[in-house]
Structures are given as C-alpha cells and as structure tokens.
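What follows is chain A paired twice: with chain B in the first complex and chain C in the second.
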Partner chain A sequence: MGLVQVATNTVTSAVAQVDLVGITTDDVYMVTISGVKLASDQDLNFRVLKSSSPDTTYNYDGASKVLRTDTTFSNSGYVNNDSWFMDFIGNGVDETGNGILYLFNFNNSSEYSFATQEGVAVDDSNPTLKGRTGGVVHTVASASNGIRFFGLSSVNISAGSFTLYKVI
Partner chain B sequence: MSEFGYIPDSANIEQSFGNNKGIFTPKDIYDLTRADKYTNYGQLELIETQTVSTVNTVNFTNLGDYNVHFLTVNNLQVAVTNTRLGVRFYESGVLETAGVYQWAYQQCLQGSGGEFKATSHSSIPIQIEQPINFGGGGYNYFYNLIDNTKFSFLTNQHNRISNAMIGEFGSGVMPQTSEVTGFQIGSYDSSNENFSLTASLYGIKEYS
Partner chain C sequence: MSNLRLINETTATSIASISVTDVFTTDFNIYKIVTNQKGISSETSIEGRFINTSGSIITSSNYDYARQMLKSFTSFGEDRSTNQTRFRSFGEAGTQGASSVSYVFNPMDSSSYTFFLNQNSGSPSGGNFNMKGIAVLKLATQVAGINFFPDNGNAFTSFDCKIYGLRVDS
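== the complex of A and B ==
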C-alpha cells in the first residue's frame, strides 16, 4: 500500500470548516485527522463536497460503536442526517480528536459514497477516552470531489491537522 | 544543491521540495529523496521492520517526525496461550510503566461480543489473548506521539482464532502531555511471556 498526498490543512487559528478537495479518481482515499480541537464542547462532523461545495441535504447515514471508558459502550445509528459524526471534542487544554477515514466510491457518479471510520478523543474533565468505529454512507448516487469537516452548532475548529491521501 | 540535476546553462540551481528543476538520474532522485528535496507528495514511509522470535519485548525507538504512525503486526505467536500483548510509551526515553493508560475495546465473537476497557492500566492492549500456534495479526494508528503538548492516542484492530474467530477493535490513550520517543511491545501485564512476530512501523508523511 502506498499513499499520495492530495490535500492537507493544518489549523492554527479558528476556522469554521476545513475542506479537503482533490478526489478525481476511482481509487480509495484515506484521511488522517490528528490533534483536532473545537472552540467548545461539540461534535466534529463531516460532509461530502460536490464540485467543492458541501451537500447539506439529509442523506447521511451512519452506524458505529461508541467506545468509552466511563460507561457502557453504545451503538450509534442514524439515517437521513445532514452530516456524519466523527469525534466528540471540546476546548479543554488536553482535549483532542484523532482518527482515520477510508473513502470509497466518492468519484463514482453512479454509486453511493461510503467511508469507514475509526476515531479516538478524550473528554478533558476526567479525562475520559471516547472512541468511535464504524461506517457511513451518503445515499446519493453522485460524484464527490472532497470532504468538509466542521463543528456542529457553528462551533469553530481551533486546531488540528487534516490530510487527504490517495491509496495506491 | 546544485550538484543535483542537469540543466543546460544553469550551473547553480537550488533544489527543494515542490520546486525541482532539471533532468534527474536515479541517483539524483535517490539523493534528493534522502535529503527530502525531491517532490513526491505524501508517502507511507517505512521506518523499521522487526522480526523477532522468543522475546518478551520489542522496542521501536525511532519515530521520525510524523504526526501519525501506522504499525502492522503479523504472525504473532506467544509461548503461553491467551497471553495478551500491549504497548507502553517511552516519554523522553523513559518507559512509562505506571497505571496511566486508558483504553476501550469491542470484542466481536461468533454470536456474542463484549466490552473490554480500563482507566488505569500499565499498558494499552494491541492483541488480546493470543493462543499458542495461531499467528494473529492487526494494525494500529498512533496519533500525536512526538507532540509534547498533546496526549498520545492509538486506534487498533486485530484478530485471533482459537476455537472460533474473534475480532477486536478499539482505542487507547496515554493521557499525559509528553514527547513520546518510542514504544515497547510486550506483555499486557507483568507476565513477561515470550512471543514471536513481525512488526512494521510506518510514518504517514504530511507536506504543508
């Protein structure tokens, strides 16, 4: 397996979203996420980009296992959301979110866009580990050329590295 | 580095990443790549592969300058059945063996499953209850290891087979802001059982 970097964005001052654009082939793509902080306690979510614009329609489904050390694990399933869930992160000194996405069929205009996800973060107050592993799908058969990360409820992303690779 | 590349009537061309000029021989490319001055966007870069037999620890002490690392573990066999293996981090060269690690794993078994987690253990498991004579495998992504301002995380997935197939996935953290300079694979607890494996550590390079 090899990786070719397609796009990267390192956040050092607060931004509303991070876009990674450049999916132009039918290859599998991978995204690394590390050291992400949000301006306040909130979910880091993500969406597909179509012609570099976010698709905000309610066509995002996901199923994952939420792993945490402070309570029983839970199953997270949702249909017809307007984005996908990645990590729950906050603004505590030591709260960061991290993870890996593998993207499938994003460039294929006749297939749904799929992704697998594995993420891990901490809730700073304890600290408590919170992880999420599962899969997501965008139930629209259309081409996507990238992915957007953002904080729910318009919470800014204040730090982190996001990089998109083509898997070769 | 004007010695790299051939450019007619251009004697002193400085080569740099993203700004290469000239016609390059294989040796030029090799030398420039080693100097990190040859444009080749994004790589999964092998740092080190270790194949060991009948040892009770394996150390990886060269992490390079990567934000994210990828570790594969293959053909893992242990001397005592159901031994668990884990990782511990070196903080500025000192192995952290105290009960500071947190982790949460989902076990997937035929017809059932279960939770496996801890908030104050002396390692983070990367392979759980490996039976004798069955080569297990798995992978890990590590995050923020070399960043002394952030906690060090991993996500993991691995498998084992005994009477039935078992898959496990999860994540872990050493919730201490420190520079991690390496890690050690060894028994998950104090049992110090011997094992054999092949493990490859990669860095996932980012170009700004």
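== the complex of A and C ==
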C-alpha cells in the first residue's frame, strides 16, 4: 500500500473548521488527524464537501463501538444526523484527538459515500481515554470532493494536523 | 514517492522481549506498525510499552487502555484499565501466532500524550481471537521507540515488525 498526499492543514490558531479538498478519483482515500484540540470539551464532527461546500442536510448515518476506560463500552448508532461523530476531545493541555478514516465512493455520483473510522482521544477533566471504532455513510448518491472537520456547538478547533491521502 | 515510508523492519527469533529504539523521530507525527508473530512458545497476549529517548523502557504506571475482544468461540468481551505498566495488546498469540496493525500518534511531541490505535487477529487454541483497542501513555514526554513482550514471560518463536512513518509535506 502507498499513500499520496492530497491536502493537509495544520491548525496553529483557532479556526471554526478545517477543510480537506481534492478527492477527484474513484480511489480509496485516507484521512489522518493528530494532536487535535478544541477550545472546550466537545465532540469533533465531520461532513462531506460537495464542490468544496459542506452538505448540512440530515443524511448522515453512523454506527460505532465507543471504547472507554471509565465505564462500560457503548454502542453509538444514529441516522439522519447533519454530520458524523469523530472523537470526544477535551481542552486540557494533554488532551488531544487522533484518528484514521478511510473514505470510499466519495467521487462517485451514483453511490452513497462510506467511511471507516478509528479514533482515540482523551477528554474531560477526569481525564478519560475514549475512542470510536466503526463506520459511517452519507445516504445521498452524489459526488463529494472533500471533508470538513468542526467542533460541535460552534466550538473552535485550536490545534491539530489534518491530512488527506490517496491510497495507491 | 509514497508518503508511507518504511523506516524500520525488525525480525527476531526465540526471544522474550523485543525493543525497537530510536525509530520515532520529529520527521513524522503518525506511525503505522505491522506485527506478525509466527509462533510463540505458550499462548499469551503480546503486550507493549514505549521507550524514551534515552533508550529506557517506560514501565511507570501511566498507561490506560481499552480493548474490544471479538472471539469466534465464546461471547465477545471488553477490557479496560487505567494506570497500568503496559498497554495491551498486539494479539492473543498461540502456536500459530498473531498479527496486528497499529497507529502511534505524536510520540515525539513533548507537550502531548502518546496515543495508540490497534486491531489484531490471533489464533489461540480456542479459536479466532480478535481485538480492536486504544491506549494512551499519560506522560507528556518524547517517546522514541516501542517494546513488545509476551504477557506470560515466554519467548516469541518468530517475530516480525515493520514500522512506517506517515509523511506530511507542508
């Protein structure tokens, strides 16, 4: 397996969202996130970009197992949401979010877009190790050229590296 | 040239602990680790610890981990623990071994914890034993390497590890 970098964004001052654009083929794409911090304890979510604009319609489904050290693991399933859940992230000095996504069918206008997700983060003042493992689907047969990360409740992203690769 | 760069390959036989030192550098923020145990002298979990920039294995009680265990021969289970001296696991190995794919995040960032993602598949005597896991070293310190060891103290019959860096070109 090889990787060709398509886009990258390193956040050094607070921003509302991070966009990774450049999906132009039917190949599988991979996204890495590392060292992501939010301005306050919150979820990091993501959406597809159509012609570089976010699709905010309620067509995002996902199902994942939430692994955590403070209590029993839980099942997280949702349908018709307006975005996908990625990581739970705290705002403490050492609390960051990290993860890997594989993107499928994003460029294909006649298929739904899918992604597998693996995340690991520390959140809350406890602090608690948490992570999601599962998958998501955008239930619209349309082409998307990228992905947007953002904090729920308009919480800014204050740090982190986001990179989009094409898998070759 | 691929942005996935092979930076270390370690092969060992008949050994109870394997350390890969000075493999994490500031050249990469994310590393992919692929392990393959072709056999082990007695069934056990393959555990991990990180190694500091002085080459010492970090054995302090600063590891948290959580793992979902998926078994072909009995109910699925979960395992979570905090303030441990190691994280687990790179697989539940039997005589047929176990294999894993992992990612390590920000090991050389002295202002961040070191995070770990893993999935693995093994074949102990009961059947197929797979895991998906997460872990963190709760020390904001530079981590330069990784140590693998069987939980029961026995020896790897044969072990192969490849470590890749995920290059980011600014």
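Just so it is clear, the second predicted complex is superposed on the first by the 167 of 168 C-alpha atoms of A that agree within 3 Å, B and C clash if a C-alpha of one lies under 4 Å from a C-alpha of the other, contacts with A are read in each partner's own complex, and residues count from 1 in each chain.
The working rule: contacts are C-beta pairs under 8 Å (C-beta built on N, C-alpha and C of every residue); 3 or more make two chains touch, one makes a residue touch a chain.
None of the values given here were measured: they were computed from a predicted structure.
Once the complexes are laid over each other on chain A, chain B and chain C cannot both fit and instead clash. By the document's definition of touching, neither partner reaches A:Ala141: not chain B, not chain C. In the superposed model, A:Gly99 lies in contact with both chain B and chain C. By the document's definition of touching, neither partner reaches A:Leu152: not chain B, not chain C. By the touch criterion defined above, A:Ala16 reaches neither chain B nor chain C. Judged by the touch definition given at the top, the superposed model places A:Leu67 against both chain B and chain C.
Look at A:Val79: by the touch rule set out above, it reaches neither chain B nor chain C.
Annotation: chain A residues 1-5, 8, 10, 32, 34-35, 65, 67-70, 72-73, 94, 96, 98-100, 118-122, 127, 129, 131, 133, 161, 163, 165 touch chain B in one complex and chain C in the other. By the touch rule above, chain A contacts chain B in their complex via residues 1-6, 8, 10, 32, 34-35, 65, 67-70, 72-73, 94, 96, 98-100, 118-122, 127-129, 131, 133, 161, 163, 165-166. Within the complex, the chain C residues that touch chain A are 2-4, 29-30, 64-68, 78, 80-82, 103, 105-106, 109, 111-113, 115-117, 119, 132-136, 138, 140, 166-170.
Residue ranges of chain A in contact with chain C, taken from their complex: 1-5, 8, 10, 32, 34-35, 65, 67-70, 72-73, 93-96, 98-100, 118-122, 127, 129-131, 133, 161, 163, 165, 168.
In the complex of the two chains, the chain B residues touching chain A come out as 41-44, 67-68, 102-106, 115, 117-119, 141, 143-144, 147, 150-151, 153-155, 157, 169-173, 175, 177, 204-208.
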